[in-house]
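Below: one structure, written as structure tokens.
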Amino acid sequence: MPDLGKYAGDVLLAYGATFLLLAGLIAGSLIRSAKVKRLLKAAEERKNHG
Amino acid sequence: MAINWNAFWEWANPRKFMRWTDRALPLISVLAAVIFVSGLVWGFFFTPDDYRQGSTVKIFYIHVPSAMMAINIWAMMLVASLIWIVRRHHVSALAAKSAAAIGMTMTLIALITGAVWGKPMWGTYWEWDPRLTSFLILLLFYIGYMALWEAIDNPDTAADLTSVLCLVGSVFAILSRYAVLFWNQGLHQGASLSLDAAENVDDVYWYPALVAIAGFILLFVSLVLLRTRTEIRARRLHALEMRERVKDA
Amino acid sequence: MSLISVKDLTVSRGGMPVLEGLSFAVSAGEVLVLRGPNGSGKTTLLRTLAGLQPPYAGEVMAEPESVAYAAHADGLKATLSVAENLGFWAGVYGGHDIEPALLHFNLDALRERPAGNLSAGQKRRLGLARLMVTGRPIWVLDEPTVSLDAASVALFASAVKAHVAAGGAAVIATHIDLGFEETVFDVTPFKARMDVVRDDFDEAFL
Amino acid sequence: MIRLLWRDITLAFRSGGGFGLGLGFFLILVTLVPFGVGPDGEMLSAIAPGILWVGALLACLLSLDRIFALDFEDGSLDLLATAPIPLEGVVAMKALAHWITTGLPLVLAAPALGFLLHLDSAAYRWLIVTLLIGTPALSFIGSFGAALTVGLKRGGLLMSLLVLPLYIPTLIFGAEVVRRGAGGFLVATPLAMQAGITLGAIALLPFAAAAAIRVALR
């Protein structure tokens, strides 16, 4: 851990907020991807066997 | 130089797109993760503090790339919208839709890191500085664009209307930028990085920043591919559901 | 020579084809009546004929600006009088006289009445009277007789007769028998098939 | 086209709401501001240009969704789209009618309300000039937003979200001219910019709005 001096709180806040936002974006993208994949699979099966 | 444009557009055929991204996406994702992390690690752990700004200079490894991406993603959406309007490539419209949420996140990151950096420098988190204000306006444009996508049921209608909004919005975004500059000549630094690096920033800061920028770009590419794939599947799902409804009727 | 004709027309609603392979022609003096169950795509077909939406495939051939369209909504303004409503549309379509239309649809006595105070049937009559002031040869009508009583239906039928006798044509979607010589066109057999692969729409995905 | 203009103006007058509503809203807004910020005359004088401009903008927004939504609901928009007038002309006339029934009354009422807010006497002239130049842009930009959301459920809220960011340049230049005018500075540049935006909006946005309506009707 480097010495961040008197601005440590600010720098860590900036990095923390960024990672939180990016993590939210990536997680949201992955969750929606998985959900749509699942729903589409079910719909394709209904189409082929229904 | 002769480019075979037909072959180029072939890539945007949904089926082809799904096929090549299926192979390319894992590769790009890994590359993005590696470069993104190494850029930020380099910047965060292995660069000296600035003699005036102290350790806050480290914020720029996030702030600058995210701000660049916020603007460039809107530009990419504009190009994609134009391609949709002119050539009616569905993938293009869906790519624009997919990019919007990423662009909005980048804008938010640029705003937040800018505000946090501003606190020790300006003594306040928020200052109506032209650049910060412009990004706030850009955020409003992203929100409006995404809200319009959500509000319209028919996907082709939504693609058409959001494309028109993106076009008109781009003009007004540029107008706003000039208006804001006019309204308040601010406290922001000039462009922190320009192509002429030597003039602005020391190499110690410049190289990790370049890596960070590359990381952000790759992160965007992999996310936009992932999200576009999702949208293509969602579109197919929508089509199948419509068929079922017609059959039942 | 037909006034309006379609060839291999496919029409779509919300991106989904609903009717396909339509081909017909309507000549001057002819009335084409469209039949088919609710939701079979008659409205979509009529909107396509009127140029409000592009064909999904195939083509509609008609002179530009030759179609007058009337649908379920009459486009009336509640606070304008009968004469003002009609006068407005007459003005938009090039200043035809509104008197014959008012007289024909028995609206003369109501001319100063705000359209908001009309009964449903009177509103409908006013909406149909609009067709007479457009001066356009092809009338495209979607369920024109809704909320009309028997006498008003007769008024409407005679207006259509007079129009086609003067060299016009009409395409009408209706369930009732209007009592004139008409060509009946049932859209049911043209219901778009759901099991075929089309190259443009959802099949382009995946 | 003149008939369309007349019809829309007549409708706005007769249906109540359209005409008086924006003006009343403007008055109430200006009355509320001193309650919010306190009765200090100097403070009010300082913020008066901004309040009047923001008030005009919101008052304009209030009646925007009427431009196309009513015609869409009663079927008039279908009929206008098949009429011999180009749809671009329809949009332009409707935006013009909106300006005459909303923007113009605001311009006329603004000086009286400026009085309530202790608006600097040097600024009056510029307030009227900028509102006169700027409000047509508000109507034309607004008609574009209304065209994008025509036929949508709860389109009104979405329209505000889309339109307000587009109003930013007009607002900035308008308020800037009044502020500079009050301070006795040169106003030529922002005034020219604002006029440019208005002319551009009038010339180009009807095409975008007509394209949006065609898409929405299909």
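When the chains are written out, they are named A, B, C and D in that same order, and each has its own residue count from 1.
By definition in this document, a contact is a pair of C-beta atoms (placed from the backbone, for glycine too) under 8 Å apart; a residue touches a chain by one contact, two chains touch by 3 or more.
Since the model is a prediction, treat every value here as computed from it, not as a measurement.
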- [ ] With contacts defined as at the top, give the pair, C-D or B-C, that has more of them.
- [x] C-D
TODO: Taking the mean of all protein CA atoms as the centre, name the chain whose own CA mean is closest to it.
DONE: D
- [ ] Could you give the separation in Å between the centres of chain A and chain C, each centre being the mean of its C-alpha atoms?
- [x] 52
TODO: Calculate how many whole Å lie between the centre of chain C and the centre of chain D, each centre taken as the average of the chain's C-alpha atoms.
DONE: 37
TODO: Indicate the whole-number Å distance between the mean C-alpha point of chain B and the mean C-alpha point of chain C.
DONE: 48
TODO: Measure off the straight-line distance from the CA centroid of chain A to the CA centroid of chain B, and report it in whole Å.
DONE: 16
Open item on the list: Please output the residue numbers of chain B that touch at least 2 other chains, ranges allowed.
Closed with: 233, 236, 240, 243
Open item on the list: Multi-chain contacts only, two chains or more: what residues does chain C have there?
Closed with: none
Task: Touch list for chain A against partner chain B, complex - done: 1-8, 10-11, 13-15, 17-18, 21-22, 24-26, 28-30, 32-33, 36-37, 39-40, 43-44, 46-47
TODO: Under the touch definition given earlier, write down the residues of chain C that touch chain B in their complex.
DONE: 14-16, 18, 39, 194, 201-202, 204-206
Task: Contact footprint of chain C on chain D as seen in their complex - done: 3-4, 7, 10-11, 14-15, 71, 73-76, 78-85, 217-218
TODO: Can you check the complex and tell me which residues of chain C touch chain D?
DONE: 47, 50-54, 65, 67-80, 84, 88-89, 91-94, 130
TODO: Sort out for me which residues of chain D touch chain B in the complex.
DONE: 144, 148-149, 152, 154-155, 158, 161-162, 164-166, 168-169, 172-173, 176, 189-190, 193, 197, 205, 208, 211-212, 215-216, 218
